[in-house]
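What follows is a group of structures, each given as structure tokens.
Same chain, two partners: chain A is paired with chain B first, then with chain C.
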Partner chain A sequence: MEDMKEIILEYVIEEYCDEENDEVTFDTPLISGGIVDSFSMVSLKRFLENKYNISIPDADATPEAFDTVRKIELLVKKYL
Partner chain B sequence: MSNIGSYEKRLENFDWSIAEKELDYKNGDNINIGWYCSDRICQMGKAEKSALIWEGLGGVEKQFTFNDIRLRSNTIAAFLKNLGIQNEDRVCLFMDKIPELYIGFLGILKLGAVAQPLFSAFGDESLHVRLDNAETTAIITQRKHVSKIRKILDKMPYLKHIILVDYDGSKPLQEREIAFNMEATEFVEDFKSFPTKAESPSVLHYTSGTTGQPKGVKHVHYSLISQYLTTKWVLDLHEDDIYWCTADPGWVTGTSYGIIGPWSLGITQCVLDTGFSAESWYKFIEKRRISMWYSAPTAIRSLMKAGEEIIKHYDLSSLRHLASVGEPLNAEAVIWSEKVFGKAFLDTYWQTETGSMMLTNYPGMKIKPGSMGKPFPGITATILDTKTFKPINEVGKPGLIGFKPGWPAMMRTYWRNEETYQKKFENGWYLPGDRAYIDQEGYYWFIGRDDDVINTGGHLVSPFEVESALLEHEAVAESAVVAKPDDVNMEVVKAFVTLKPGFEANDDMELKIMNFIRKKLSPLAMPQEIEFRDTLPKTRSGKIMRRVLHAQEWGEEIGDVSTLEDD
Partner chain C sequence: MAYSNKVKEIYKNQLSAIQDAGLFKQERFIHSSQAAEIEVEFPTGSAPKKVINVCANNYLGLSSHPEVLKAAHDGLDQRGYGMSSVRFICGTQDIHRELEKKVSEFLGTEDTILFPSCMDANAGVFEAILTSEDVMISDRLVHASIIDGMRLCAAQHDTFKHSDMDHLEKKLQLHSNKRLKVVINDGVYSMDGDTAKLDEIAALCEKYDALLFVDESHSSGFIGKTGRGTHEKCGVMGKIDIITTTFGKALGGASGGCVSGRKEIVEMCRQKARPYLFSNTIAPVVVSGVLRVLDILSQSTERRDKLEANTKFWRKGLTEAGFVLKDGDTPIVPVMLFNAKLAQDFSRDLFDLGIYAIGFFFPVVPQGAARIRTQISAGHEMHHLEKALDAFIKVGKKYDILGKTKQEITDKYGC
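Right, the complex of A and B next:
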């Protein structure tokens, strides 16, 4: 199975970054860094739910839980 | 003692000349907001006072005195002048909340040009319609946003200059691009501000309506008069305050009260240029010793959601005064803030078109949680009958909010759209498009919008604009967009969609369409939910009945459906 972090990172780069963005890594702050805003977080959550066939409760979909790819991976694994 | 003192006493014999005198302005004088917010403050002996304390990601910090912003805004003005930009040319600011945005705003005004700030999260389509309407001459931006401009450049022959404030030389500049590094450019000590007059255009903010394209709200330099006085009396800024307005200058709060208000008073303000998190916000208040905090209901409700426990980890004792703007502040949020911060957020009501606060709560006045407060002195407000547009004298009876035109910051027109501007008036009253009622003590209470415009997180989204963009998606046959209730953002965008033959309605399709709108328009306009349907409710003449879907979403009575097409 392809590494989950890699898949999420690839999606984040493709959907939320453009060519002029600095390099995004597993630990780049996405929400507090302004790469993904609170409205866009909804589409990122939807991607994770579709991709991994899970449901993430709104209460757990906090800016903190979505702040890095590494943290997102932990969140997803909680609901697998 | 608050700056306003007694609200009732201020109402007696109020005249805007109070602000004119404090600003040493007389009718017919030159009035240039850029000069008032920098040079004048320096002349008042505050040149070395801190004007801007900026913090970016990772705690990176930059500080600027009033003399620093004077010199840098001079330098930006001179740079633009050398490019051939003239007074009344439109210059767009398309940036994150970096210092160049705040200082560039003053530079554009000093040149006599018109500042056109646009929210940096706008997608290429949203950007294009706004630049196209304004026929913008130049745009000041960052590398991270330039690709959106390059994508639409061929459609904008009027756009002569794309100014990059963070060009690092790693890739070649492209067509019409030029680098400007604010810190590396030799500062211009003396720049003679353009002799703008009261009615000279200053700022062009864009706002959305139910139909048609976004409208450019034209403001003038005289708006300073009411922005200055409302800042002083409502935000109650004192000489030693540290002020934090959380709004982005891509929207009107970020310029009227995130630049003009505080700096015309010579007040130190802080800016946090990172995404939202409760922890980072509380940390910022503690670190910067914020005393006056002007924020938005969506942010306040997000803080409520984060809980009270987190607050105990921070020293927020510097907070003296709190206020809110964007959409109505619910009573629960007011009560919560009083409980956890020891101060209630005071709601302020106004909009892009009004330019400054209209109905507000005041320091020292009894607060009724959930109420919009009372009219600012000098503002004649009323509730109008929805059919006759005559003032309703009955306490508690709902109607349309109306304002007597003539306050200093009122918009002067919609850019190249005088016809729509004229439609904003009925029977001599300006209609902001909201419904409310007045209680027996003269407090105003918000009921709702009088149109289909969606207020999400304090920002207006046009259903028409989203519906039009949806139709550009290859799979979408028909679309209808309405507001959906939301605990944090008050409303969010919901779309109802029928698909063309050959396309399947499923979760992946929903996500594809959501991302399509996010990139084309903005994250705010992205539907948070898409409901696929076989048909949409229509009149017999084929017009989609948005109100039927809206009523279903809000659990309201659908009303008259006699014109509804049979299934």
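Right, the complex of A and C next:
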């Protein structure tokens, strides 16, 4: 199975990044760093739920939990 | 619960955190009418200083226009000060109906409903017309009031990269199974001053059977050949399903807003939009002023033409001086400084030279995109713009940023 972090990172770059912020890594702050605004986070949550066939409760889908690819992986694994 | 020391501490700590983050907003008191030249008390407690204002939304210079003032005085005399009622009880006068009709004519729409502000229009419209079976797809840079309105609505939401038509199309395909799809944009984006590609967006909406929403707050009155807005500029008048706009900027600058568009959608707002149902509408004095503004703009394009000429002069002057600007042709001209402290220092130095312009930085704009947002007005005379340009060049020289690229400025000051 392809590494989950790689899959999430690929989606983040495709969905949220442009030429100006191309150096996103597993530990880049996405929400607090202004790459993903909290309102646009919804498409990332929908992607994770569809891709891994899980349901992430809104209470757990916080800006803190979505702030880096590494943290997102931990969150997803909680619901697998 | 009593206002105990514990409660007080909670708020004091939160306010300190805002201050520590450099995000504490302070009002500056103006001792004159809104105009190209104003008298500003800054710092608070100091004697008011006369400065040239290059940061107001007074695009057409109508905020203190004598004909608008006279109309407002007449409205006050003839229709009184307040309504003391919401619209559907006893808060609707003949002039409210007249203004709704005139706004529809001006924007080229089927119908219009007034709201106390455009913030209220945006807060109320989505909830009134959409359900959980629907989806709202918004540009990522839409105004905060639209985001608040979407948050209040049960419909799903999604976003697309700013002005990226390929990304929008993907999102329209992704949500093809929804009952209703609404694509949501600003006509002119307030922080960058760029214009929505409404012709391309309208074509995509037609292709994927989606409704098209545009907030025209920074466009109504001066964008397009006769100032009708972005839809006129892009050649899609009649193709926008929902327009929201404000009377608090170019159209007199007092207050009030509206939803204008398809007849049934406007009627749904009249039946269900909560800021309309549970709040007084625009006061008669303001309604009378806006009616006169629309008359002035319908009779002549002189003011929007002057604004266009002023904007060209300003953009050309700043570009030739070597500033980094955001591309565009609207009167919103952001001078890019990238570093937050530099933007604040630059603004302070401009004020010392008699020019009032404010620095914007994260989180109002993205990290590393700090700027001075300048806004040009038809109320500016050439001597105002020349003096302002001269001040910008002096301060630009002081910080050695003229002719420098983004990379060179951020290498020197950080981002």
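The rule we apply is simple: the second predicted complex is superposed on the first by the 79 of 80 C-alpha atoms of A that agree within 3 Å, B and C clash if a C-alpha of one lies under 4 Å from a C-alpha of the other, contacts with A are read in each partner's own complex, and residues count from 1 in each chain.
Operating definition for what follows: a residue touches a chain if its C-beta (ideal position, glycine included) is under 8 Å from a C-beta of that chain, and two chains touch if they have at least 3 such contacts.
From a predicted model like this one, the values you see are computed outputs, not experimental measurements.
In the overlay built on the shared chain, the residue A:55 is in contact with neither chain B nor chain C. Look at A:43: by the touch rule set out above, it reaches both chain B and chain C. With both structures placed on the common chain, the touch criterion links A:18 to chain B and to chain C.
Between chain B and chain C, it is B that contacts the larger number of residues in chain A.
Looking at the shared chain after the overlay, A:63 reaches chain B, while chain C stays out of its contact range.
In the superposition on chain A, A:34 contacts both chain B and chain C. Once the two complexes are overlaid on chain A, the chain A residues touched by chain B in the first and by chain C in the second are 18, 33-34, 37, 39-40, 42-43, 46.
The touching residues of chain A, when paired with chain B in their complex, are 15, 18-21, 29-40, 42-43, 46-47, 49-50, 62-64, 67. On the chain C side of its complex with chain A, the touching residues are 140, 147, 150-151, 156-159, 161, 362-363, 366-367. Remark: chain A residues 16, 18, 33-34, 37, 39-40, 42-43, 46 touch chain C in the complex.
Interface of chain B with chain A (complex): residues 57, 96, 121, 143-148, 273-277, 279-280, 302, 306, 456-457, 507-508, 510-511, 514-515, 518, 523-524, 526, 528.
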